[in-house]
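Each of the next two complexes has subunit A plus one more chain, namely subunit B in the first and subunit C in the second.
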Partner chain A sequence: MAEESILTDDFLRELMNVGEVDILIGVPTLNDAATVGQVVQSIRSGLLKYFPRQRSVIVNVDGGSRDSTQDIVRAASISDLAPGTNPSALRTLHCISTTHERSTENGTGLHTIVAAADLVRATICGVISPDSVSIEPEWIERLLRPVSRDNVDMVTPIYRRNKFDGLLVRNLVYPMTRALYCKQVREPHPADFAFSGRLASFFLEQDIWSQAVIQNGAETYFVISAITGGFRLTQSFLGSRPRVDHSSGDLVQALRQSVGVLFWALGKNFPTCPANSATETITATGADAEPSMEPVRVNRKRLYQMFVHGLEELNPVLNSILSASTLAELNQAAATGEDRFQYSDDLWVRTVYEFASAYHKEVISPDHIIQAMAPLYRGKTYTFLVENRDSSAGDVENNVENLCLTFERLKPYLLEIWNGRK
Partner chain B sequence: MALPQDPLWYKDAIIYQVHVRTFYDSNGDGIGEFRGLAQKLDYLQELGITAIWLMPFFPSPLRDDGYDIADYRSVHSSYGTLDDFKLFLDAAHQRGIRVIIEMVLNHTSDQHPWFQESRSSRDNPRRDWYVWSETDTKYHGVRIIFTDTELSNWAWDPVSKEYYWHRFFSHQPDLNYDSPAVREEMWDVMKFWLNMGVDGFRLDAVPYLVEREGTSCENLPETHAVLKELRAKLDREFPGSMLLAEANQWPADLRPYFGNADEFHMAFHFPLMPRMFMGLKLEDRKPITEVLQQTPSIPDPCQWCLFLRNHDELTLEMVTDMERDYMYDEYAKDKSMRLNVGIRRRLAPLLDNDRRRIELMNGLLLSLPGTPIIYYGDEIGMGDNVNLGDRNGVRTPMQWDGGWNGGFSSADPESLYSPIMLNPVYGYQAVNVHSQKRFDHSLLSWMKRILRVRKSMPVFGRGSMEFLYPANHRVLAYVRELGKERILAVNNLSSSAQVVELDLQRYKGDILIEMFGKNIFPRVTDRPYLLTMGPYQFFWFRLRKI
Partner chain C sequence: MWDLIVTELTRATREIVASTAHFLPRLLEMLIIVVVGWIIAFLLRYILRSVLRLIRFDKISEHAGAAQLLNKAALPAPSELLSRFVFWLAWLGFILIGINVLGIVGMQEHISNFFGFLPRLFAGLFFLFVGLLGASFFSRAALLAAVNANLPSPRLISSMVRVLIVVFTLSMCFEEIGVAERTVIVAFTLVFGALMLGLAIAFGLGGRELARRYLERRFLYDDDKKEEQDELSHL
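The block that comes next holds the complex of A and B.
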């Protein structure tokens, strides 16, 4: 294998056989045999139904699965080697798979996907998560069509979610991205998205791929750099996406993947949109859908306890991250007891901004900063759940909107502490 | 030169399709004739073809370019006389060129005396030679073939006040093959020409001979029975003669036309042709390999006939709706290029006059299993004229040189049977035999070379075929094998250079000899055989164990 190449010789040989394509869809996996077959079949159906004339390839980049993930993907190929697999297809559809040995993290997978897209000169690219088991062929059309038809550079999804699903996105990632970059992208850490060949080449040329933080959350960086690079964005309503249950250990990982990248990206591309400017709505295509209101079982008491214990245990660490006044307010709020506890939007936004600034100034290890955020986020989640326990979908949306406005209103505060005056 | 006596001669044949009126006008009346065609036999011999397929030359009102026959036992006066035909036939045979003529079994012209008698009264002895009905509702649901011109398969005859059945134009009434007299008469017609020395017949529109209520009236067992009866007589009385079926059908429906080697010797492979064009445009071998995978095996003495273009539109009846839409969009963007269910264009314009693609498609035609047919003028890259009606745009005069009427005729241009091509790309001054003969690298010279190579090894006509399926789907590769003879054909369907790895382990130790330059390529080993190929390039290798 050529030294320093992200592409193995075997994978390169497969890409040579694929040749130039119009559409490349990447599926990063790791032990996803239970779901990847269904996902790849839907992708295949979407390509055959909506893009029958385009030259397409499905590229699976696997982190070293020990199950049959890769075999399942390869078996979805349509070719004359397996006659009858889909006689109605005009073209061969290669479904190829490669293993990246450097890391089991997603960043290497996405790096491989954009490198492959660049090499085979795909003009329309997509990434689909193997967790997206509710995917329908129409998702492919909704994600890819804006790129192929409207010359859009990036298409991010809007899912129909449960009102208590996607809380990290609603309480932090979306409002903060929106406030800082002045673009209302509902899923700044998308699981399924599409982008143009131009943008793939742009991503590939970024000198970021060796960064540990990118290994965890390249998707978020893609969205941010598409915004800061002035590329055309749009959003597509996709439908329901199944809720993925996260254990407490996953929370830190989720924070790394989204918030960590968001903070890190601030250091690279501090937003230039004026602090008092209105945020821009990003066009969304497709049919919107109300959030589902099915009850979700959440142990709020445990959330609160984890917040209180975390705050207490991490007080010395938080002392180096947060301002004295913010930490004092947090301690004071925690002391009110579960029944009266409320993590206000104002206090939450100041907390987040101070974490971002601390991350930028590297007051302690950036990863420790992200880890320290976990208990505070649990506190905010507790408040969100309590406040919205009986809310309608519209009320939940209004509350998210109010939080966004708080992030926007306090943006000057971030500028102040970022520049070191606080 | 004596004709070889091999009864399977058609398997090695390279057939040249020509309409006598289009080829050469020797008497200056603006219409080609048999004397003119005979004068050009040296050209055809030099080109390397071994058989000529003549389109209908019988007396006819010419409302369907001769497929509306008014007398089966004579020659249209514009093309000469029966004696002229005999002279031409003998001259062809002397050059080792066989002659296949058209026989339109299904229908006659409405001007044919048989039909005139048949319609004259309901009591006429020839009344049942055609298919009559008091209503136009019989055989309901049978598809209409010429959808652009016909609304029904029935036409009203004001003379005998009944409807008559016609699968093609309304001026072409279908003969009634339920009548023993019709079957006997048509065999007599065939004997007439066989006795003169013709080598075979291309039987036109054979799926439609017999009609039955509640069926599609196509491919019926009764039709096969008629054809088998003709074949048995042919074998008994004229062994070594050949029957070629025109049946535009799916491979599975075509297979019965071979019977147990007791019906047709050859049949056109209609579904393959559009898929060759599709594969080229898609840069993907899938359409070609799939249709050949679906093609049933045929009895040993039988053979498929392959073609790229012919006198008709590029038929798209044997493709799916999605494939048809794709073909129209890619090959006939201008709607005037579309006719019925097909595309009325010649080979060179279809391929954007791209020499590399023209060579590749001819390379496929000549290396896939079957007997190839070259349509007149395609060997020099003639163009078409979509402004002429019907399919006349692909039937313009042969372009012999850059002089008066392209060397086709000394008549005034206005009196030519068809306008000659004049445009700067395909006109006779740009594309003609004379200028291409002068250069070794002209298309004509290249065609002569490839036909020579094709004829050098019987494996092309008679060998088995096995696809290799390299992972690169832009490359179509197959091995043809006959006894100890083996050739490998590798075709890059793509507009860009390609790398391909071929699994040739079965031929380990063989040396590859490139068949045009006779150059030696590396010996086959255990490892994949690596080839790099230019855009639209193809290789023919002979595999030799030395």
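The block that comes next holds the complex of A and C.
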């Protein structure tokens, strides 16, 4: 069995003490002492308030924290709960913690959670990020209820974000996933999500866990895998998601976690849906909220300079990834100067598709392909920031929709270059 | 007098005929060895090429950038190049064995030296190939890392990484083959030492201000650095 190789003996003993459960919530952590206590308390409150009759367990899988993350999780108890939570819960709520030494990436953490869910035969599973400090007990209900009540297999979140938050998701991951898999999942790289026990077993059976790319971004693969596996998906409006410095600060790592996994998954499931088929809207439950319009501190000039500098310096590398015409257009656009520079949707989509094709053909090391994308993404980010500087939330949404349509329109181009020589 | 000439000519003719009679079978033997050698070398080439294709050797070389280097030099794909090399090496070995059979005086020692040299040549070429692959891969990794870290002169950094690895590889290769060992080691030490000293002087004296600013930024003004950071969230 797969779980025999990932679950430690001590953790197995703890899981056997817990026994079979209905709900398992996993919290993968790594040096999250500052936030994990609050997150675990909210999860507990949510479980006791909305699922008092279900047998539940919170599983913390720690990547080897050097702070007191695990102690805080273990110390969390019912007596710490805020007033208003259900004091007459009918079931015991367990909270256990384990450490995995294999990797500091979260893929091993998610593997452990899925394996634990399969072992304790949980029918409803959830993963909550320790960075979700704005979590409220209602998030647990919104994520888990569709699985328990409507037999949905996966619930992905929709957050209330700042209009300039999640730019990689808005400009690449969401539009490309939507175009290629024909499903409109707004957060294809979810931080918080829920899935059925059936889907947990499906994930566990897949021969993906030793892949380095999965160690970086298993969440994205979970979503893609649920779509291609024909499972039922839904989305839930959760609320505001705080900006997380340490996970989003490193652009290359963010690219590896999301775009790297997306490109890699394409190699396993291609073509995904016919080029001319319409995309399917995924139902979303809960109250939608307007994006926050607060100003964001960003040095646009530096973004532009890093794009131009990167394009110039990486020309020999980009030459082996991009077609001559796309590279020439990029060079031409960069030469127009900051005031007139514009990275058009059309050019951006062709760039992304050519990168995906190069990744598939492994023209150079796949990780180098992902790294080479960073300067170009900065160029697109610059254009997005300039175009939407004074835009309303609706305008931003329209621009994202237009980009999605461009990704869909140019899908035949990807099909053409996928098996072509370049 | 005439009889003497006739006798000598007859004896010489007999000797030539006898030598030719001795030589012809050996020549035939040599030709057989060369032909059989060609067949074996051809088979070796075929097997090696198949194995290399099976393990996607060309793809691995592409990852490391070796294929692009070979392309630039108008050379065939790495698997083809390597299998051709093995073919010629194996056939050359058989040709030398064939020549050895001819029994030409003085050749035997050279031939045995050649076969003694082969393992070292192989090891040297292996070091060279892996080193060039490594140089290409790590120089590109350095270029990407430098660009994404917004460091000045990424290509210079990348070239330095490449030069260092190539110099190191060549010194190992020459040492293995046994060509001018001492000269190569001394040259390597001098080049490496000079490079490091030059860098230290350039950074410490020429780039004194830059060094100061870098160290201050690195160790003193961490808060200022945070202030400069964008609030952009990618995921």
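Operating definition for what follows: the second predicted complex is superposed on the first by the 397 of 422 C-alpha atoms of A that agree within 3 Å, B and C clash if a C-alpha of one lies under 4 Å from a C-alpha of the other, contacts with A are read in each partner's own complex, and residues count from 1 in each chain.
The definition used in the following text is that a contact is a pair of C-beta atoms (placed from the backbone, for glycine too) under 8 Å apart; a residue touches a chain by one contact, two chains touch by 3 or more.
Please read these numbers as outputs of a predicted model, since none were measured by experiment.
*Asks:* If you stack the two complexes on chain A, which partner ends up touching A:N419: first (subunit B), second (subunit C), both, or neither?
*Replies:* So A:N419 meets neither subunit B nor subunit C here.
*Asks:* Which partner, subunit B or subunit C, touches the larger number of subunit A residues?
*Replies:* More residues of subunit A are touched by C.
*Asks:* Thinking of the overlay built on chain A, is A:Q332 touched by subunit B (first), by subunit C (second), by both, or by neither?
*Replies:* neither
*Asks:* Name the contact category of A:S277: first (subunit B only), second (subunit C only), both, or neither.
*Replies:* neither
*Asks:* So, A:N17: does it touch subunit B (first), subunit C (second), both, or neither?
*Replies:* first
*Asks:* Taking the superposition on A as described, I'd like to know which of subunit B and subunit C A:T92 touches: first, second, both or neither.
*Replies:* Only subunit B; A:T92 stays clear of subunit C.
*Asks:* Taking the superposition on A as described, I'd like to know which of subunit B and subunit C A:P52 touches: first, second, both or neither.
*Replies:* First partner only, subunit B.
*Asks:* Counting contacts the way the document defines them, which residues of subunit A are shared by the two interfaces, the one with subunit B and the one with subunit C?
*Replies:* none
*Asks:* Under the definition above, what is the set of subunit C residues touching subunit A in their complex?
*Replies:* 59, 62-65, 68, 137, 140-141, 143-148, 150, 154-155, 228-235
*Asks:* Can you list the subunit A residues touching subunit C in their complex?
*Replies:* 162, 164-169, 189, 191, 243-244, 247-249, 251-252, 254-255, 257-258, 296-299, 302-303, 306, 309-310, 313-314, 317, 320, 362-365, 368, 371-372, 374-375, 381
*Asks:* With touch defined as at the start, can you tell me which subunit A residues reach subunit B in the complex?
*Replies:* 13-14, 16-17, 19-20, 52-53, 55, 78-81, 83, 87-92, 94
*Asks:* Residue numbers of subunit B touching subunit A in their complex, please.
*Replies:* Subunit B residues touching subunit A: 278, 282-287, 289-290, 293, 320, 322-323, 326, 467, 469-474, 494, 496, 498-499, 501.
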